[in-house]
Amino acid sequence: MTNSSAKNGLKPEDEFLSGQRLLVIAPHADDESFGCAGTMARIKNLGGEVYCLCCSVGDLKHYDGKDGIVTAGTREQEFKNVMDYLKVDDWEILYRDEQTHLRLDTIPRRELIALFERDAKLALDRLQPTMLAIPVSSYNQDHEAVFRAAWTAARPGVRGVKAFQPIVIGYDNTSFFWSLEHEKFHPNFYIDISDFLDQKLKALSMHQSQMRDTLHHSSLQNVDYIARARGREISVEAAEAYMTFRQVL
Amino acid sequence: MTNSSAKNGLKPEDEFLSGQRLLVIAPHADDESFGCAGTMARIKNLGGEVYCLCCSVGDLKHYDGKDGIVTAGTREQEFKNVMDYLKVDDWEILYRDEQTHLRLDTIPRRELIALFERDAKLALDRLQPTMLAIPVSSYNQDHEAVFRAAWTAARPGVRGVKAFQPIVIGYDNTSFFWSLEHEKFHPNFYIDISDFLDQKLKALSMHQSQMRDTLHHSSLQNVDYIARARGREISVEAAEAYMTFRQVL
Amino acid sequence: MTNSSAKNGLKPEDEFLSGQRLLVIAPHADDESFGCAGTMARIKNLGGEVYCLCCSVGDLKHYDGKDGIVTAGTREQEFKNVMDYLKVDDWEILYRDEQTHLRLDTIPRRELIALFERDAKLALDRLQPTMLAIPVSSYNQDHEAVFRAAWTAARPGVRGVKAFQPIVIGYDNTSFFWSLEHEKFHPNFYIDISDFLDQKLKALSMHQSQMRDTLHHSSLQNVDYIARARGREISVEAAEAYMTFRQVL
Amino acid sequence: MTNSSAKNGLKPEDEFLSGQRLLVIAPHADDESFGCAGTMARIKNLGGEVYCLCCSVGDLKHYDGKDGIVTAGTREQEFKNVMDYLKVDDWEILYRDEQTHLRLDTIPRRELIALFERDAKLALDRLQPTMLAIPVSSYNQDHEAVFRAAWTAARPGVRGVKAFQPIVIGYDNTSFFWSLEHEKFHPNFYIDISDFLDQKLKALSMHQSQMRDTLHHSSLQNVDYIARARGREISVEAAEAYMTFRQVL
Amino acid sequence: MTNSSAKNGLKPEDEFLSGQRLLVIAPHADDESFGCAGTMARIKNLGGEVYCLCCSVGDLKHYDGKDGIVTAGTREQEFKNVMDYLKVDDWEILYRDEQTHLRLDTIPRRELIALFERDAKLALDRLQPTMLAIPVSSYNQDHEAVFRAAWTAARPGVRGVKAFQPIVIGYDNTSFFWSLEHEKFHPNFYIDISDFLDQKLKALSMHQSQMRDTLHHSSLQNVDYIARARGREISVEAAEAYMTFRQVL
Amino acid sequence: MTNSSAKNGLKPEDEFLSGQRLLVIAPHADDESFGCAGTMARIKNLGGEVYCLCCSVGDLKHYDGKDGIVTAGTREQEFKNVMDYLKVDDWEILYRDEQTHLRLDTIPRRELIALFERDAKLALDRLQPTMLAIPVSSYNQDHEAVFRAAWTAARPGVRGVKAFQPIVIGYDNTSFFWSLEHEKFHPNFYIDISDFLDQKLKALSMHQSQMRDTLHHSSLQNVDYIARARGREISVEAAEAYMTFRQVL
């Protein structure tokens, strides 16, 4: 089969991934791990480049059955640890103030777009990623705002004038069963992470302040179930699932 | 909380389920277990009535990595065993010939509708179910044909003239990730089967000829993952998920 | 038929409704009557509990062919009268200032969510409703904002940590023919209000400042036509129609 | 206002309708009246042309609470009476045999298309209608088959080679609440029939064998409610509602 | 053919267009030309009335491969020239400040609605257009905001109390391939501009500051390709395509 | 930029395409050229493999303004010439009889599936393609039937038991503007054919019997317009557009 005899010994899909420069845009610290940690680990393992832009960390009182408030500082430290663990090439946090956290819907969209396009350290114009992974709209207002702004930032432009990303995909989250009807997540793009599921779960668990009861949809246990069920959608042990927004070959 | 103090000691949802007469329409033997076995077990446990109408069994050569052909006789015996195990009140198989199996799309829809409405032993007019669980359209042509015919059979009529089902729901299947975009399964109706997951998996496993490799989406292992993930959509250990087509209170 | 022989003399659906604690969230005073007044009257009649949280009343100049401005005070008095008439157990108005009225789209969504979840007198955490009726997105920016925030507030959490509503439904409005394509109202959950249509129309008419010309879609005459047409969708004289967002049994 | 001062004394919309040659394609006798009788009456009143092509009449046993079978002959006579009453310019029935009735889904679509395009007496190539009203897909298999075939027949071709209909619209039916999610009827094209509602109801009532209990969705009473509610979607007393499939100006 | 023998020598569609008073609402200067310049030219040529309300011009730095900033003044002058060239009866610009430009999503929707309904010089209540062309939601936040507000402003009201537009349509843009799935543009209403394509392209080219590289989707070259491809959807040389939101006859 | 420095001198996307074994399934001779001829030419040029399975040729009377009937023999010869011109590795025609042509909707779906899966010379099990391009549902009943059957044939199975295609995509056609609302074509996967547009148009023109008037949507002229407009969706001179149904990396 053509598929298993690439010229340099890598399978074609590994070859393809090894040449990517991936940028993951995450509304909050931990979204990158829910959606993409296995993919990030695999691409790094293959020699590709991975970057992560987190929009907001902030002091937060959770419905988590625990006392007290998680501070932005804690979130940032956890995020940094995960970035180190996944060997991410570079990362960035856009907003650290409590006022902005969970209020990204109140920032003029143009400002978020400008950050994504040109002004952030990891902006598309600067980083020139070949693969862009963005969150999908959800019940969470920050996810919706980041999705909308990232979508606009990824609109195509003429090469040489505006950065162009050949692959733009939306990543998974355990909460999508509670999305609006017209915003449901229907994946069609899968990354086989059978060899990287442990790293995905480890990365996620390092966002220690965000860990929930096992019955919660975002519990580590459920992320494991879903990764294995996503895998079985393509007949492998574990996968991360995405929606294709654009791919150019 | 109102929810936990029903008059006869049952929780309101248990009380409600205990009064139901459920009819499950299954395209093929095993679909009822993929979708509804936990619900069937729970309703029987609560004292309600459960019936199952299977449309077709037939000789079949599977992509199952095994040799030989599964006969209609084997499928029927397995189905009978499952019905016994789940203590179903009555069951029926409509077509047993190899010619019809996987060719339900070639039967005039009117004939399937007539069977569901009036002519089958468990037809709606005869059984007068209060809760009707039907399959949802999928890539499988028989599922699509049965869904369409059952949908038409369940159209509302004037009470006293035509049987009316206060609850009509569509049940889950592990294959829906490969449904057409406009036919995706978005559940909004859940039955808590935390105490009945073992029975669901046992029932399914009794369709021995249908068991697949663990990496297949319809493997026992994946049904377990999905039941637990569905459970976490409502914060319980395991659930069966449905789409509401009609509910009247 | 199982359906007509419940243990305590009530029909199963009456029994079920009698055990509910319903909370209706209304963007403006009168939306609760357009969508749910018959249901509210029926549940109260059966011995259940009903609460109503109105988001905003404000001074308003209508396209109503009449002179002058309707004041927030008038709206509140009318709303209070309706609540009394329907024997609602408790009610609340969140915003009374003219600045907020019809500008709920400018409040950070997080603030509306916090009110619905924890901070309002009738917040979900405090009231612990078993049935939650929320508005559906419409061309009206306040309806859209309240829908989005209520949707987020109703996301599932682990019982004991965050209030969980077993039934979450969206209610009808006469304006939905002018909703965006992807926001159309497709009801699948009906409450038979044949015996309560008079009370629904009476309640609505008590919002006297909101009464429109008979040719307007929100006229009392049209609400009557639509209730009777909705009834005929389930073959009864009159019904209120809802979309199921979540039901757990 | 421009709208009220057309050159020949007619309002622009009356002027426009007066120049139309309307063809209504009906799956069964009575569908034309449910959907279009008011429009047909109005266009005839204005001096335009109206034609009606009925696909099938056949012997039928109804869920109508009455004894016996309605024969194809009865259906045809009723249809003829309606055509006379509405002063239709010409009409045609394609299938009269009991075998075809309610089995249009088993005719190769190509055959229905050929009838609609070239072979029927009122085929598009022969009649050259300027306005084509077709049924919309519903739970009824004949409606679905006729819709699909009429849709294909109405595909655009080069003028002079294939007949071209500047207006193609889908008409209403009282059963659409029970259509599949992706086939729901969302009207955007309205014909004001305030002065023709009586004729619509009269025409419908002449399909005497099809009259149902007042609580049925297709009862005369409900058609009246819905025509008045549709009217209020555009602020007139009564209207017929359509979906625009194509309009060329 | 009825279609070609109108009373005053005009074809019925020309007769119909000649009686229209068209208002085009454009988010930014140039949107009216991308979507409607051919239609505007044709209606003026037939003796009808055309008006254009532009929401915002502002200083803007483009991804255009050119240096410098385009000023609001330049945009306004270009817009004025286009209005003159198309012989538009009257036009208006709502916002000229740099702060508002590309930030229409931060204006309370109620304010935009009020401008469209009553307060602008060309407001619906004042102008009483018979045909209203509005932008369709896109990745651009201003287009989304204007669409939503215009949609609400065009909701039907009782004639004599609130202005009513018999035709409300959404117009085309070359960027819609990059719209969200549920906001895709599916045209069903076409204006034949075969004789007006040159004027459309000329008008567009007069927005000189907005001209892009030929490979950009909004280049003059691509507008030409798309107008000709749209034309072939109805078998004419060139067309402008619209979505019908409401039409009343 | 990572994207331009692949190890063996090819750009990553060229490298990726060069390793593919593409199978195109076409309902009729010419569909492969409308949708994929540029892609086929490019993959062959890069050293990959390309195969084409055509479902049906048959005697046909066209609405083409020409006299007489095109025979199956003519269609086959033209198809063969195109296959030769595009240097396709192998091709196959499934049905040649006039009875089947345009009647694929009457073949039991199971039979088409069996041909695609195992029984045709180029069946998935035999050919083991890495990239599968299938038609998308359209107003044409054969396209719908082939799409449905190919979709089912491409359902995932366990590797080693059933052939698995890492890439499954749906290809473009000039007729999709006349598809049903829920079947519209929204491309997200593009192949740059700027250097292969001439070959695409040449291949298409070799289906000489299918050439239409320049105003027809399927004219050579319009295919050129659309290829260039599709190109501008990704800022290149010409492209073929696809919908991603599955991609696994």
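Here the chain labels run A, B, C, D, E and F in written order, and each chain numbers its own residues starting at 1.
One rule holds in what follows: a residue touches a chain if its C-beta (ideal position, glycine included) is under 8 Å from a C-beta of that chain, and two chains touch if they have at least 3 such contacts.
Fair warning: this is a prediction, and the values are worked out from it, not measured in the lab.
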Chain labels contacting subunit A and also subunit E: C, F
Co-neighbours of subunit D and subunit A - touch as defined: B, C, E, F
C-E against B-C, pair bridged by the larger set of C-beta contacts: B-C
Centre distance in Å when subunit B and subunit F are each reduced to the mean of their C-alpha atoms: 38
Where subunit B and subunit E are represented by their mean Cα positions, the distance between them in whole Å: 51
Subunit D: positions in contact with at least two other chains: 156-158, 178, 181-182, 215-217, 233, 235
Contact set on subunit C toward subunit E in their complex: 63-65, 102-103, 105-106, 139-141, 175, 178, 180-182, 212-213, 215-217
Residue ranges of subunit E touching subunit D (in the complex, touch as defined): 1-3, 6-8, 12-13, 15-17, 19-21, 48-49, 128, 130, 156-159, 164, 166, 188-192, 233-235, 244-249
Subunit D-facing residues of subunit B, complex: 108-110, 148, 151-152, 155-158, 160-162, 182-183
Touch list for subunit B against partner subunit A, complex: 174, 177-178, 181, 184, 186-187, 215-217, 219, 221-222, 225-226, 228-229, 231-233, 235-237
